[in-house]
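To start, the structure under review is shown below, and the notes come after it.
By letter and in written order, the chains are A, B, C and D; residue numbering begins at 1 in each of them.
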Amino acid sequence: MLEKQSNVKAWLYLLPALALLSVFTFYPLFNAFLLAFLKDYVYGSATGFVFMDNFKNVIADPNFNQAVKNTSIIVFVSVPISVTVALMISVLLNSIKKFQGLLQTIFFLPYVTNAIAIGMAFAFIFNESYGLLNLMLSWVNIDPVDWLGSWETGMVSLLIYTVWGGLAFKIMVFLSGLQSIDKQYYDAARVDATPKFRVFTRITVPLLSPMIAYITVTSFIGSFKAYRTIVGLFGPTVLPAGTLPDESFITIVGLIYESLSKSDTPGMVSEAAAASILLFITTLAFTIVNMWVSKKRVHF
Amino acid sequence: MEIKLQDLTKIFQAKDKTETVAVKSLDITIPSGKLIGLLGPSGCGKSTTLYMIAGLLKPNNGRIFFGDEDVTDMAPEDRGIGLVFQNYALYPHMSVQQNIMFPLENIKVPKDEALVRAQEMADLVGIGDLMSRKPKQLSGGQQQRVAIARALVKKPRVLLLDEPLSNLDARLRLQTREEIKRIQRETGITTIFVTHDQEEAMSISDEIVLMELGEKRQMGEPQDVYDFPNNLFVARFLGTPPINMYDGVISKKNVLVNGKAIGTTKGADGEVFVGIRPEGYIIDKDGPLELTVYMVETIGRDTALIIKVPNTENDTFRVIVDASERIKPGEVVKMKIKPKKMFVFNKETGELIN
Amino acid sequence: MKRLFMLLLVSVFTISLAGCITIDDEEIDCELYPTHVDCLEDIDPTTSEAPGIVNVLDALPTDEIIITFWHVYGQEKAALLNDYIVEFEALYPNVTINAESQGGYDELRNKTILAITSNNTPTMLVGYPDHVAGYLNGNAVIPLDDFILDDTFGVDITDFIDSYIEENRQYQGGYMYSLPYSKSTEMVVINKDIFDANETALTAAGVALRTDAPYTWAELDILAGILVGNGANQCEYLINFDSAANFFINSVRQWDGGYTNSAGDILVDNANTLAMLEYVQDRFEDKTFAIPLAWDADYGSANFQEGDSCMTVGSTAGIKYNVPTGVDAFEIAVAPVPQYDLDNMSAVQQGPNVAIMEDTTDAERLAAWLFITYITNAENTAKWSMLTGYLPVRYSGYDSTIYQAFLTSPDADYKYESMTANAAFLQIGYNDYDPAFAGRVTSSGARLQAEISMKALFAGNATAQQAIDSILSQLGVN
Amino acid sequence: MEKIIEKLNLKEFWKDLKKFRFTKANVRTIAVYSFLLLFAIFVFIPFYWMILTSLKTLEEIETALQPSLWVKFKDMAFYNYYSALQAAPYIRYMANTVLIAFISTVGTIVTTISAAFAFARLNFKGRDTLFLALIATMMIPGEMFVITNYLTVTGLGWASPFTQTFPEAIMALSFPFMTSVFYIFFLRQTFKTIPDELYLAAKVDGTSDFKYLRRIMVPIASPTIITIIILNAMGTWSAYIWPNLVTSKEEYRLVTNGLRNAYTQNQGIAYNEAMAAAMIVTFPLLIVFLLLKKYIMRGVSRAGTKG
């Protein structure tokens, strides 16, 4: 990095983005923080300030513990798996010649696939009596499982679905990163008789580390906010069909949605804001750790 | 390790199916322990040749031998070569030490031994005190040495260098080429190095191979090639300032330029090119050539006379004479030619006649 | 420097926020907001005195009036609505009505809540009672009583179906904040071919096909004994209930158990509700009753058409989905929904009402009111009903010549709609509405828990007591 | 068709197949292709499902006990596409969407490139703090922003239910999406992989920062920039909640509104028609995507020209 500080110029380059972000991102963010400390806010007016009440209400929600549990599992299981799988696919895809274009196109297709179609397809994959997954399991003599019928199996399905949902973007980012790695490094590694796996771990991964850091940080942030994928799989009740709410797949953002859906009731928007702040603090702490770790490992 | 290239051919196919012959039926034998420069203008196939020797490119035809061993179908990692890339291809995320040790790790050299060997090699190339730095904290010359150390550390049978000096500034280039020569002498590894810079090639190579359009034009010790160019291309390519090329005629074993005989030849009568090295002129008031001096450049011990000669391929020629000769612009000087500095070429084939 | 910048940033935001959120714990100024809930005295719905809180103009002003009407109707119904608008605009040339679909009910409600916050509301909108209850938290809709009782522009409120009026009067103070518009109820669709094939057995058991009166749950047991099974003229399940929530709520009423009230109290913790759930669970187990979960579906219509259930209970507005098509099509009959106790009959009523927003001028309010009375007049409510599957909101709508013709001798194209309307008509006397409330616990939240419990009961994942406990704990009742 | 086959190089593939031997390298190749193929199928299923469903009859969807994996050509219900086209004014919606996508993408590219450049290359006070603050904004669910942004947009008078004009609708629809922290972060990472030497060299040559950005950074980062363009366009294409909120007239809305509003009515969604509509809407995107894909995959070679 250059030594010279160029304050004025830098702010000039930042101006267009910051101007828009101030109005449409920072201002709402500050507003959300403010809302969390208002009393009985509804329809733009409140009766005063409170300190912790809205936060206490969030924690007192009967589904709060369930939401924390679900969110944690999704975050800490799906992200490492999806990043690893996407990285493997990208590297292998980048290494082949025949059918490369065709396969790339297929891997990007989820981006242009309609959400209803995705929901339907997964309903078909996970269906107990005629689903694709059970069909495949029957080949290895495993009895059919009602994948969407309970929390445990539902979580497995959800994780598969979540990994699937994130693959396209991650592959796209990794491929664009791989494309910008100088090919000479690979020639050098070949001449030095580097085994394929070592090329991957010692050269590709470090050289791709800015992109891996990006994907890791944004995926963690994204999966802390998981909810829409769950609605896609389990419907708006986020419940395996025919179970009671103690098997719910509610997440923190689910709680926020629920509160927001009652925004015509005094205090509910503030509760949503309070829950957002709790999520924000958790995610921020985690992201700082994440970036601190990656700063040590990312070489650029 | 002697390296033998037999009938080596490489054809590249573009997306629109047009084919380019990069290397054409190349036969070269590189004696063991020598430093060989592959020299030629850009696009002549020299890097392609190097990459085929490295195994990074597969020839369409022909064989490559290391000693008696046919390595044509061998993967690069099995050939036992060290390769220094034009941009060095140092791994940016590894320190100098890690970069140098990397090839050793691949062949599972124990860590203690690897550390010692890396240090030895770093000392050999003179960067022993920079081991903990990252490549981007190094100057171009230092990076270049790291690249050489990395190539040498696994004791390769052959060292290949791809335009290793092109990214360096003039002073550093001079210094580094001596360094390369020294390292090569000390290690005794057969070394091939690719360059488009004739001075570079001539100054450090034991032998040079001149290539044009994918074909070998001449091979030999630098001075021999300079003194006895086989053909028009070699004569033109080597030498700074370049050779002066006249249209001439052979008539009864005499070489005539502008109707004046300037020397003799064995060749048959006909139109020819006559090349005279700038240092091949002697001032002689009985000389057959009458030259009008256009400008005078004095460079140290030599003086270059710039002569305008109309209707030749580049109409300014340089003639180098001793600095003691006081000649002014506008003067007409009579010259004769040193016999060994005149080359007569067939106008069609470009072959030397002499 | 950095600190100064942050300080500046914070102060800028604080200032800008001040313009957006008002902190206000003072008393409501009733002179300024005469229609605010806190300013209204409770009224007696039976009195014919106008409360005098909304100013009804003597005549519609002649200058241009633009009305925005937010609804949820897709292309077909929107086109129909547009016909009414064209007619209305011909009657009142200075009035323009912009009717805009907002997508679904949730989108409409969410947008309205934000629009109220930013004072950008439309003139009028359609909405469910719980939506209106929520808008009332922001004092955003006006009571219509002054219009209803107005000498010039008023309507005969006794002409509206009583239970619809009750639904629209359930809010605080007993005011009427909305007028019924697109109402529906449930009915049962019967696979007539199967009933006919078993005619002898059914007649012998005293449960022959009947559409002029509801079956009782006891009769359903008898029907199940004959019709449920794997035989050629049998079904896997006897009767499917499309809406598990409605099934729960309506059954509770029929069993005289408790569900909720307009104050937002959760009343499911009682012996009758428990008994009902246990009874239903037994019927789930012996395949007398089913819900669409049986086929992993949202609605049972496709499986009813497949013959998987002999009867299916669904919304009157959804009859077309239950009419079999294709080569295996069978004949259907439509009857009132089954009742547990003929002395305590109940059928759900649902569908949106229409309300006028507070943030409007007197002229706009009057024009909107005129439009509401226009689309709900006898002829128009009848036509709207015939074409959409909803039900007339006025007795005079039922009595109109066109509707009578539709009920008694329908066009071949409207045969099933007519059957449905006849069944619905029989239930007019005992339709019940779902109490609406918007608070930390909402009436729609309660519905959702009722549905979840019913499904868990069906799937065998909960006992009746667990189902009740789950509702209580989810709705924050300990 | 022939062209496609030619492109796939099937002939050569068969030739290679004939020469096939079980060497270690070949086994590896088989493993690689199997792995990729497996995931490709996994990823492809929903897309296939979309096409398949769009060609089935409603009867088949509703009554088949097991959904069939094929539709015979003669049974294909192309009629679904016709009905879908009738369900909403898609031409108008697509025109709106293209316009909004264009405006917001141009805006996004300009703001993103310049901000990412500042974060990646320029040294200024508070850079890391500001950058973390930017990333932090991604940690609040978008719905919390919607509330305030709606108030902002209506406060600016762009979304009045009575008087909204088309230009106001365009501003309301595009302004909040003319920049993105997510993309700034993405592009900054790409910019960071470009060696400093290039910047220093440019400085030595007297190149201004702006010229350097335009002539060197942008071309090198073009795969990422194209990726951002595609993602941003897709975002506009599938935007639903915001367009529904801030448009007062149905004709100002975007394709996904048309799609959702036409097919979320009542019970018994006609899935086949819904999928046909989705295909119609997806098709232009697919074309754009395929056209741009080669630019992402063009690759950036930084090696010098060789002899």
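The definition used in the following text is that a residue touches a chain if its C-beta (ideal position, glycine included) is under 8 Å from a C-beta of that chain, and two chains touch if they have at least 3 such contacts.
Since we're looking at a predicted model, the values are computed, not measured.
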Using only protein Cα atoms, the chain sitting most centrally is D
Identify the chain pair joined by the greatest number of C-beta pairs in contact.
-> A-D
From the centre of subunit A, which chain's CA centre is farthest?
-> B
Starting from the mean Cα coordinates of subunit A and subunit B, work out the distance between those two points in Å.
-> 57
Subunit A to subunit D, mean C-alpha position gap in Å, rounds to 17
Using mean C-alpha positions as chain centres, tell me how far subunit A is from subunit C in Å, no decimals.
-> 38
Would you mind pulling out the distance in Å between where the CA atoms of subunit B average out and where those of subunit C do?
-> 91
Hunt down the residues of subunit D that sit against at least two other chains at once, touch-wise.
-> 125, 147-148, 151, 196, 303
Of all residues in subunit C, which are in touch with two or more distinct other chains?
-> 20, 110, 117-118
Which residue numbers or ranges of subunit B touch two or more of the other chains?
-> 87, 92
In the complex of these two chains, what residues of subunit C are touching subunit A?
-> 10, 13, 16-17, 20-25, 106, 109-110, 113, 116-118, 131, 134-135, 137-138, 140, 293, 296, 438-440, 442, 445, 448-449, 451-453, 455-456, 458-462, 466-467, 470, 473-474, 476
Note which residues of subunit A are touching subunit D in the complex, please.
-> 1-7, 9-11, 13-14, 16-18, 20-21, 23-29, 31-32, 44, 85, 88-89, 92-93, 95-96, 98-99, 101-118, 120-122, 124-125, 130, 132, 164, 167-169, 172-173, 175-177, 179-180, 182-184, 196, 207, 210-211, 213-214, 217-218, 221, 224-225, 227, 253, 256-257, 260, 263, 269, 272-273, 276, 279-280, 283-284, 287-288, 291, 300
Where on subunit D is subunit C touching in the complex?
-> 59, 62-63, 87-88, 125-126, 129, 147-148, 150-151, 154-155, 159-162, 241, 244-245, 248-250, 257, 260-262, 264-268
Sites on subunit B touched by subunit A in the complex | 54-56, 75-78, 81-83, 85, 87, 89, 91-94, 102-103, 105-107, 134, 150, 154
Touching residues (chain side subunit A, partner subunit B) in the complex | 182, 184-185, 187-188, 190-195, 198, 202-203, 206-207, 209, 299-300
